[in-house]
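Going by the order they are written in, the chains are A, B, C and D; count residues from 1 in each one.
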Amino acid sequence: MPETVFEVDVDADIDEQPDPIVNRWHPDVPPAASVEPGETFRVEQLDWTGNQVHNDDSANDIRDMRLDPNHHLSGPIEVKGAEPGDVLVVDILDLGPFPDNEWGFTGIFDLENGGGFLTDHFPEARKVIWDFDGVYASSRHIDDVRFPGLAHPGIIGTAPSHELLDEWNEREQALINRGPEAETGVNHETREDQPPLALPPEPNEVLLGDMSEDEVEDAAEKAARTIPPRENAGNCDIKNLSRGSRVYIPVFVEGANFIVGDLHFSQGDGEITFCGAIEMAGFLDLQVDLIKNGVERMGTDYAMFKPGYQDPHFSEYIVFEGYSVDEDGTQHYKNANVGLRRACLDAIDYLTNFGYTREQGYFLLSTLPVESRIAGIVDLPNTCVTVSVPQEAFDIDIDPDTLTDEAGVADRGSVAKTS
Amino acid sequence: MPETVFEVDVDADIDEQPDPIVNRWHPDVPPAASVEPGETFRVEQLDWTGNQVHNDDSANDIRDMRLDPNHHLSGPIEVKGAEPGDVLVVDILDLGPFPDNEWGFTGIFDLENGGGFLTDHFPEARKVIWDFDGVYASSRHIDDVRFPGLAHPGIIGTAPSHELLDEWNEREQALINRGPEAETGVNHETREDQPPLALPPEPNEVLLGDMSEDEVEDAAEKAARTIPPRENAGNCDIKNLSRGSRVYIPVFVEGANFIVGDLHFSQGDGEITFCGAIEMAGFLDLQVDLIKNGVERMGTDYAMFKPGYQDPHFSEYIVFEGYSVDEDGTQHYKNANVGLRRACLDAIDYLTNFGYTREQGYFLLSTLPVESRIAGIVDLPNTCVTVSVPQEAFDIDIDPDTLTDEAGVADRGSVAKTS
Amino acid sequence: MPETVFEVDVDADIDEQPDPIVNRWHPDVPPAASVEPGETFRVEQLDWTGNQVHNDDSANDIRDMRLDPNHHLSGPIEVKGAEPGDVLVVDILDLGPFPDNEWGFTGIFDLENGGGFLTDHFPEARKVIWDFDGVYASSRHIDDVRFPGLAHPGIIGTAPSHELLDEWNEREQALINRGPEAETGVNHETREDQPPLALPPEPNEVLLGDMSEDEVEDAAEKAARTIPPRENAGNCDIKNLSRGSRVYIPVFVEGANFIVGDLHFSQGDGEITFCGAIEMAGFLDLQVDLIKNGVERMGTDYAMFKPGYQDPHFSEYIVFEGYSVDEDGTQHYKNANVGLRRACLDAIDYLTNFGYTREQGYFLLSTLPVESRIAGIVDLPNTCVTVSVPQEAFDIDIDPDTLTDEAGVADRGSVAKTS
Amino acid sequence: MPETVFEVDVDADIDEQPDPIVNRWHPDVPPAASVEPGETFRVEQLDWTGNQVHNDDSANDIRDMRLDPNHHLSGPIEVKGAEPGDVLVVDILDLGPFPDNEWGFTGIFDLENGGGFLTDHFPEARKVIWDFDGVYASSRHIDDVRFPGLAHPGIIGTAPSHELLDEWNEREQALINRGPEAETGVNHETREDQPPLALPPEPNEVLLGDMSEDEVEDAAEKAARTIPPRENAGNCDIKNLSRGSRVYIPVFVEGANFIVGDLHFSQGDGEITFCGAIEMAGFLDLQVDLIKNGVERMGTDYAMFKPGYQDPHFSEYIVFEGYSVDEDGTQHYKNANVGLRRACLDAIDYLTNFGYTREQGYFLLSTLPVESRIAGIVDLPNTCVTVSVPQEAFDIDIDPDTLTDEAGVADRGSVAKTS
């Protein structure tokens, strides 16, 4: 086991953690640890909500979630010798839950508190608890499903420079200023609510590691939220960033000062319920290296990666298709988001044939290793998106060729609700 | 070899084909052939442009393409006993080019004549010719690339009912009426042109099979263009609809009257250059069956499928990431299209490190079996899209870990231009 | 379609073929065709028995098979510039049955006429006919099985030199001289028959292409039978030598003079019934090249290959284990053959739980893409061999976890017998 | 983390372990732990040699290995309710090295002390130490190799009944009595030594768990060695018995009393060096269940399993072929062992082209996830065996198409020798 350079305590309050949690991007957060290129080390992590969710059968904790302090992340880790313009190379050697904490959760956020990709269809807070048995996940809230996870960190990112941070804040504020019409792929006339378009800096419950109190006050006004992925990678939520993969991330400050967290035991492409993967606390074993002047040499704007060799491989999928026509029948212009939504809704409807509730279906799409592909992007006005559901994740037969009318009467358990 | 129920002649003009070509969706096109459930049969097909593109080194034919008559399709094929509400089951048993016509093409359409996904970056007509050597494709216009194709029909769809056709026309006209602002993910201030938002019925060069001339005149006014996929499946351009896959499509008229065409030897997810797969003429061997009352029983709105077992499987990918910030730095709201665009642009830039021109890179993303996934759709305001390029499709080493400065000086040939 | 350099006629007698068939290895058989390095070309081939088996429901043709004239092969093909010591590189670009001849057969040879791996258990001639529907094979003689083939040539080999041919004859005759005890892994006391240990040159029904009659008389006395694989590759029966693979074979004579044939639509590892793959006539598209002085440069004694990317990939296997204790309870010493036999017998027994006869099981192991691995070879005295049966080749559920007592009462059809 | 029912201490002597080690099969060894069907639990294990090998650069420990006390195993574990005739179902949920002990070893045994599959070629004791970095293994003794392990227990087996134990002893003694000629596939005239044909009960250093001293004395005379796999599964050394797989093993005594151990971080098919996988100490998380009367219901003689979904998947292999002609040129009769030997020798020779010593090659074949298949077993007298080496396990390019004469001059380190 490599040396642990950042520790957490899943039973302690956030302000009593062994190492200081960070929940914003800012160039001046001092490193919590320092490593050499070539070094292998362990970073422990809280779940992204910082212990706000409990292993029980009530969704109250999801409903009452304080969102401002998320994500609860570990770092920054300084990589000695890293300079702006370098590329940080990170090998994800291993990861997993803590040995005595082998469970995870998935939530549907209430429409009033976060929402999700299909929030119009699933407006109320719900929760599912997962148990881990080695490589397998199963849930007491969804019967007859057991599958090998594709564990990965949802977040890994380098610290932004001041210039980059300013750019983020400017462009995101500009989006907010454009107003509701900037949200595309919805029928604004019938839409009941208006979600936030972006999350501007939020001084409430800001955590900036070991930064001094004075500095925090200033920094909190511009430190970027960790929800979106950006040029520093960050919250990419890429399910294939799994064991054995290698990530390349641009460096913007001396030392790279990268931060990690938001561990997932498994996630479907899209992570559609928002609190959407199988969220867990745990450890991440990493090895780092540097490509000097890599940004110019590689010539790319964003992070890149090479996947590992051990993603679960299934051979039997059911694939659902969606196009850019929304549920109200409104035609959108080559909108992949609408295509994804329609394919997901079809998949959810299909799973009801086997006794799964629509909420269970929503959870399954968000957590199974579902593949969501942009099949055709040029066939105006309809982009085609496909959502591939692995049959082998189910203990029961969900093949369309053996579908019988009896299947749907089965009881597959129920998800946790609010009280 | 199963019996051929629809023949084409790649050397004959469109109006002298052995069986009548169809290029619009309309309920009243009479079947060109009739098959029984359980039957296996062959359907021949022209390339989607109806022989407009030649195996030469000039992109003039791409530039001068007449778009109104596309796609040139084969059918309708009546399936006896099919009724509205049934689901048509189609097994794709085999497909390929004609034995004496083993080549294909990929085009970049001129900005003024069709355009493509990255048309702002690649505004001029270009062409690449591919040669097929059994399972492999290679091109005299792009050196050091050779890969196994993932052949599939771009189009397979059932005839719409009159009601469904009306619905299509209404919703697509409504989109056109909304005007340029309906196009999202672009900076309208800097955009030079405005592409069509949808393609309304176009009586010019309409082909409705054996429909009588009188009927054609009426039908042409409302027959739907074949560019977008819709409830009848149609032009889905799903690369995984390959040999051995099984498709489930709703039936809207007696006999189902399905139409196929737009054969691809290979395609990347997205088919981003628009004329974008390796386009070819060839044959398709199918077996059909029916699920009576399947639409209600399966409960889904759109087509579904199960992939085959023989898609090429690679283990070494380079994966590029893109988020919803466009090239001008404008922030968009969870826009997967923008994410795909940025990931594609990064991939194209990356390939220039090895001597490929940006145009060659654009072609490669459109034709290699590239995987384009919507990784995270909820991390407002940035959707993360990944574009996975199979390293094994290249004869040269494109791994980031062995990237040297010398690589970029290589000459990898050049694509066909206009004269 | 590449140019055909060797033609066959599945309806003509052997002595009336368009190009002369060859059924022995000999250095002096004159080339039937000549190709350049880099050239792509087609070679047609009879099934290995030279049309002796018919698409009917009687195994009489298997029982009465004349074995002396097998295999019926195509070539030799001269590769210009090839010299002894070079390595011939062959790309298998494509292969398949003839369009109007899309069927194949598998036979169990009678104990008195060829036998097979489990001949003690299956002593009587039997036959199964397969129909090809594109990538899929199914049989009217075995119900509820349909799977994608992994087509490959059973035989591809270069002409031996005189010296090498002498060496073959000497060492094989020495084996024959050692007598029955040279057969290991059987209980000689209880064994009823004694199969031939090797097949010495057999002048009866020898076919040596265009060699003159005078020469044939001499050559027939020493020309080697084509049954075993040897230094020239030959009858390797490697199922993974499939579309897209590349083979490296030593060259022993000027021009390499390679011969191909014994096409298989599919085969399980081991090809255990002997006439054991899904045997077919058809075509093979090849591209050849040379590595000059490759034998010394590569430093290997035997042929090598790189597989293609399109072998069917399954994810659900049932794996049977076998060790070196024979069915009589006799302990053998690290004998992989006995291990394979026991694993096969267990698999056959297991399949009877689902209504398959033991003969059907034997055929299935010989034709499905079964993986047979030598798991452990050092654990004296028991070698462990595993036989992996792909569940997805069956339309019914053969999973041990859902095994019910009712499964076995099903009727899955019956194989063809003798009359 | 499931409850640990069997503990070991890698720093303690064998007679001071927390739970009593067992190293023989005998029906009367009392259970060390007891579990219920459905229960999940952890079993800790020493490496198979019981701490005899050290993490250093000398092979003296391999040379001086005491073989009589191997394997050092954990158990027996009683499964409540298990009866003879049942089938024990074991899910391998997870396994790995101990967190503070992340290394393993591979040895070549001296010809005089154990030997190995290619002992005539590699007669001297050698050792390689491997370091584990998450999913990856690499070695300071073999440069430029780094690959994801396919971890598995080499041994899992149920206790034999007295009757079964007698049968084992009888048949193995009969083999010994047959004498050296029972070893096939070797040239007895030139063979220098004669390895043991089987390992009869050996009272020296016998460990029978908590059995009383009096009982041990009797039991030791007939307790079976753990080297060979047998009807109770035992030392199968199947590399695919990895995370997520499910094993079915016959039960012979009340409680099943199964024993596990011999953990491998990775192994090639065959485990050819004998001490041949990457051997390690570590933990195994299991879940057990019972199929009542399963032996009769399933109808098989030996153990079966279903693999998991997470074996490393590579797409680029180099495949070596071997036939039943030994290195002296002697022809053997359809002998798969000889075929495997020749293919391995060719692979070893091939790897010398890249600077690897032949000893390093031998180690690599034994430890990389190499696939060794019996391709054709019926082509008398030559069985064809293939050995597939994954190219992606190497950091350098070992493709035959890019082989240069310079490659071989590289220095890839050296294995540990004796002093």
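Everything that follows uses one rule, which is that a residue touches a chain if its C-beta (ideal position, glycine included) is under 8 Å from a C-beta of that chain, and two chains touch if they have at least 3 such contacts.
In UniProt terms, the chains line up like this: A, B, C, D = Acetamidase/formamidase family protein.
As the structure is a computational prediction, the values presented were derived from the model and not from experiment.
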Each chain counted as touching chain A and chain D at once: B, C
Partition of the remaining chains by touching, absent chain C: one piece
Centroid comparison with chain D (C-alpha atoms), farthest chain: B
Same or different residue numbers at the chain B/chain C copy interface, by half rule: same
Separation of mean Cα positions, chain D and chain C [Å, integer]: 31
Centroid spacing, where centroids are CA-atom means, of chain B and chain C in whole angstrom: 40
Chain A-chain C separation of Cα centroids, rounded to whole Å: 51
Touching two or more other chains - residues of chain A: 309, 313-316, 392
Overall pattern in which the protein chains touch one another (line/ring/star/complete/other): complete
In the complex with chain D, residue positions of chain B that touch it: 313-316, 392, 397
Chain B-facing residues of chain A, complex: 116-117, 154, 167, 171-172, 174-175, 181-185, 195-199, 227-230, 233, 235-240, 246, 248, 269-274, 276, 291, 297-307, 309, 315-323, 325, 329-337, 340, 342-343, 345-346, 349-350, 352-353, 371-386, 388, 399-401, 403, 405
Chain D-touching residues of chain A, taken from the complex the two chains share: 1-2, 40, 91-95, 99-100, 102, 133-136, 148, 243-244, 285, 287, 308-314, 392
